[in-house]
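Take a look at the structure set out below.
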Amino acid sequence: MKYDKLEFSSADDLLFGKSGEPVKCGLDLEIGNGRVVPEINYMPKVDDWSNFDEVLESYRGITESVLRRAVNLGIYSVVLETEFVESLNMNLEHTREILEMQKSRMEEYHDEYGLKSALRSTVADLRKMDESIYQSERWNKMMEAFEVSVEGGADIVSIESRGGQEVFSHSMMRGDLEGMIFSQLLAEVDMRRLWEEIVNITRKGKSLPGGDTACAFANSFMKLADGLVDRKVSHVVAAVIRAATAPRSLIAFEEGATGPDKDCGYEGIYMKAITGKPISMEGKTSACAHSSLIGNIPATACDLWSNESVENLKLFGGNTPEVFLEMLSYDCRTMNESLDLSKEKEYRDILTASNKFLDPQALVLAPEPAVRISKAVVNAESFYRSVVAAAREAVKIIKENGENLSLPQKERGYLEKTEEELEALPEKKSKFLDENISKYDDRVKEFEPENYGL
Amino acid sequence: MSNFGELKEAIMNGDEDLAEEVVDGLLKDGEDPEKIISDGVVPSMRAVGKKFDSGEYFIPDMLVSADASQAALEKIEPLLSGESLEKSKRAVFATVQGDQHDIGKNLAVMIFKGAGYRVKDLGTDVSPEEVVEAVKEFDADVVGLSALLTTTMEVQRDVIEALEADGVRGEVLVAVGGAPVTQEYAEDIGADVYGASPFEALNKLENIL
Amino acid sequence: MKYDKLEFSSADDLLFGKSGEPVKCGLDLEIGNGRVVPEINYMPKVDDWSNFDEVLESYRGITESVLRRAVNLGIYSVVLETEFVESLNMNLEHTREILEMQKSRMEEYHDEYGLKSALRSTVADLRKMDESIYQSERWNKMMEAFEVSVEGGADIVSIESRGGQEVFSHSMMRGDLEGMIFSQLLAEVDMRRLWEEIVNITRKGKSLPGGDTACAFANSFMKLADGLVDRKVSHVVAAVIRAATAPRSLIAFEEGATGPDKDCGYEGIYMKAITGKPISMEGKTSACAHSSLIGNIPATACDLWSNESVENLKLFGGNTPEVFLEMLSYDCRTMNESLDLSKEKEYRDILTASNKFLDPQALVLAPEPAVRISKAVVNAESFYRSVVAAAREAVKIIKENGENLSLPQKERGYLEKTEEELEALPEKKSKFLDENISKYDDRVKEFEPENYGL
Amino acid sequence: MSNFGELKEAIMNGDEDLAEEVVDGLLKDGEDPEKIISDGVVPSMRAVGKKFDSGEYFIPDMLVSADASQAALEKIEPLLSGESLEKSKRAVFATVQGDQHDIGKNLAVMIFKGAGYRVKDLGTDVSPEEVVEAVKEFDADVVGLSALLTTTMEVQRDVIEALEADGVRGEVLVAVGGAPVTQEYAEDIGADVYGASPFEALNKLENIL
């Protein structure tokens, strides 16, 4: 289905814990129905990744310590996210064994302590973009990894897919806005194909098709953007690109994804405004994975509150996954208590105000700007136009708040330049494609137009 | 009349066309190709690196400069003597096996090209054997290995071991980088240089080479 | 001075960021004057602690990464806490070199980016309790470590002193409440002597005498208490002991400490209610150091917001100290924004409600209970009576909230038992001492009564 | 008449006086001292350990039981033959040099005593040389090392090396514990047993000894 209006058309209703379409999954867990639940994501630390026993043992230790910490802290709902590295999906038996082991421990804790939980399997995008991306060994393996996830007990499946990334990376590094927009048209083609398949696979079992985030796009940009002093690319452009990735990530939902959307996609807030589906967001507590200037804003509308990913190291207070779960859980307590006290808007507004003028990347994710950008997306007549409209709306929002943002001179220059470049884009997709296919075919080695039917 | 100041301006502004034009002019005026590189291109890129380090340039500014520098170099190279071609340093870059991250590696490729290196880019997900093969074929002075995952950083060690097994370790300097990599780790696996950024790696290598 | 009334006699006024006696220190930093500032505490990770070059290098890396992260995140105020391990204070040149290196980096960031900061030096309690604790090499060295801290540029000095710990540990392990109370009388003697000296030493320079926390007492108990499922000692008793350590920690202020009080002492909230001095508190973000059921409550009245301590490990997002600073800073933003919006009480109340019934240890630190316990302390006529009064008030508070706390049967038994044992204590200190000196002299090998003039 | 059931009750309730009384009665009735230990004290403490593991007992409950068990053992020991005294296992415990934390170590001491070990407690901040000396003097079967700091855990390795240097490493099992210590670390430094808790260490040792 194509979304042509917003589920939450007022920022007042776009709130943490409250989705328009809550989902039930896993062991008695409900998501998006008035409660924020922590989602903990982890990465084993092993000496030898080719030694599967060691890998499985590390996953076992993480799973046990996280579940134990949950019941010790009186957390009665939790989502575990297993984000697979390539090698573990390339061997499907490994994928299966890890998920089955985790699910059986989760069942034990459910039986013994009443711990409600769900397991998310995030499959690696195994493809090489310079090969055929649908007629290949790697595509088949990736689809099988989804099947194995469904069979192995994953309650939610997700991916951070990379269609179009090859052109995006090249363009991002050169500040080439046109190329970044063009890459979204490639992503569109791939997202439709990919998510039709994923949704079909989940129909064979009980897993929810969660969502797919623009990690390879806007998050790469955000990481490169770095902090206020060490800025390496323009934060204004990073903010505009965040908005411009919303149409891409929306396709998963158009194809049938139900949420909870994957963390690591800050554009999740647009997904929630548009679709009403529950979303997983990360902010300050994903500092383990990357620094960001968007620490508080993402909490304003989250249904799951995540740490992105943490490597399993030993701290005085325990292993990092349990430590990060503890930190997430106290923030969930605060959000949930504000809901119980009917003070959620007050708290949400404090979170928003504390962060939105720190950086344009934060501003465009604040509730009101998010609703405006989402509106631009659904009001546009085509995918191409929605990308451009979202980017233009982001520019507009940043310009309106220019004084509060106290942008350095160089960023003000980028803002003007971006606005002009967006203005100069052709209205017609066909014209835009004509201008760009062979240009990027020449410039980007890995880009194969035929992969996208071009 | 074309001059080195113009070339520097073209490179620093990332104006590819102008850079080529200025080089054409310089060559027509009989300027020595080697001197255009050593007194024109290389100092321009060094100035770009400084502006990047000071925060005045962002990555895209630097990369379009590197593109312009690269365009200029491509004009000049066919005119270099075999001897001076021999003199330019040669580097091979790869993101190691199992790892698809290309940003850091691409940045390094651009920066080294801009600094006058002859560069072979092996892409991502490259096996140790492929690296060894390329080092030999290309007669590389430097091999740069990028890894963004803790799961793949160990492959940097495998590459060094493969170079040793093949007997070519002594002929090439190994530079490693990537988010999980540290100076300590680099020493541990026997790399020659660790770079927190491609510029850092480049500077350290210049001190050795 | 003896405190005989409360600075904040209403819980409504006991609020984060607002102290009764703000202090200025370090590089243009003000603490407790309407703003919460992150305090980051770290521990080097080195292969060989006897290799001082390596240790110093680790401190250098931590200092640089933390300061850099601060300016990159637009954090313009920060406190660095260097909590020395014994070996670094045993060699005073090492103490000095570390502090001087840190201070000079802080000055650079102050000059270049306007970063306001202060450096806290926490000296290790070097003494062995079974030797003479004042006439010894180790006592002298400890005092010298304070002198060197003052000279080396520490803006705040602190300690977690251990007088009485030998009896406390023994008693804690056996659930012997009388012994734990007795240990506070030993701590009293030591705190007076120690803090008189520390305050004198700070008068020779520009350092503030911060404070001294009952880490060796109530925090050891809390760590042993563990979570709701793995409870290893009674959480009720742990809560009572927290209250009972307030008089001990107060002595530092009676002797002239100015704050900011040391983190790691959750009893800081009583210090603030009584003295009005600014305090450093830790909660959820100290999960790196230990798990706790008191993640949100300590924020309600903090002036500095701390992570207790984190070992310097490498995460994807950077070194742990900078990562934890990032997480602390976003919580500070939320608190400070609520102050700006005059919504601090609303936010404080959400934090309180989200945590206070999770465990008795949280309850006794909530604002209203904290004021009641503090009142019990100042109203008592002597140190001994204030310890007993604080403990009794804690029992009373827990009993009043019994239903909301949903205590397990065994804990309810402990509550009754504790109440009875507190009732049975003699009113006179002399009688109490008579009964206990030789008893613990016999039982606790390390306990030397003459160290405490007994 | 005194019986083993009463002894068990006394120990499990942590009633030191009653435990001594029951033991006196049993001895008066001519019960074999060795049997009082093997069929009375040891199974009682095992039952205590189970209750602790299941969460029914807290640490203080367990420790007062250990105190009662200890009181009973002290009554019996003088009556044991030299041979059976020889048979009881001997353990030395210490918190390593530079580390003042005594809780974990004290817990281990109590638990091992309660389980019938003859225990020497060296206290905190103990040098490797002192440990070696005590192991030899006391003829220990087990040495338990506690370290709460990452800064002091390496001293556990030093102790093992000192035992080796002195030639007594083969005669004693080394158990290590403490918050920063892991199974992996224990293996790395060549310890025989890692215990996340003293009970875990005890159980593992019982399987070896």
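The chains carry the letters A, B, C and D, assigned in the order they are written, with residues numbered from 1 in each.
Operating definition for what follows: a contact is a pair of C-beta atoms (placed from the backbone, for glycine too) under 8 Å apart; a residue touches a chain by one contact, two chains touch by 3 or more.
Because the structure is a prediction, the values reported are computed rather than measured.
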**Prompt:** Where in A-B, B-C or A-D does the C-D interface recur, with over half of the contact pairs identical by residue number?
**Reply:** A-B
**Message:** Using Cα averages as centroids, what's the distance between chain B and chain D in whole Å?
**Reply:** 63
**Request:** Go ahead and note the Å separation of the Cα centroids belonging to chain A and chain C.
**Result:** 39
**Chain centre separation in whole Å, for chain B relative to chain A (CA means)** = 33
**Item:** Inter-centroid spacing, chain C versus chain B (mean Cα positions, whole Å)
**Value:** 52
**Asked** Residues of chain B touching 2+ other chains?
**Response** 150
**Request:** Name the residues of chain C that each touch 2 or more other chains.
**Result:** 229-230, 311, 316
**Message:** If every chain is a node and each touching pair gets an edge, what shape is that graph: line, ring, star, complete or other?
**Reply:** other
**Prompt:** Which pairs of chains touch each other?
**Reply:** A-B, A-C, A-D, B-C, C-D
**Request:** State the interface residues of chain C toward chain B in the complex, per the touch definition above.
**Result:** 314, 316
**Message:** Please output the residues of chain B touching chain C within their complex, sorted ascending.
**Reply:** 150, 179-180, 182
**Request:** Quick one: which bits of chain A touch chain B in the complex? Just the residue numbers, please.
**Result:** 43, 45, 47-49, 85-87, 128, 162, 169-170, 173-176, 220, 224, 229-234, 311, 410, 445-446
**Complete:** Touching chain A in the complex, chain B uses residues 55-56, 58-61, 63-64, 67, 98, 100, 102-103, 106-107, 110, 123, 125, 149-151, 154
**List of chain C residues in touch with chain A within their complex** = 68-69, 71-74, 113, 226-230, 283-291, 293, 295-296, 309-311, 313, 315-318, 320, 322-324, 326-327, 329-331, 333-334, 336-338, 340-341, 343, 346-347, 349-351, 353-355, 358
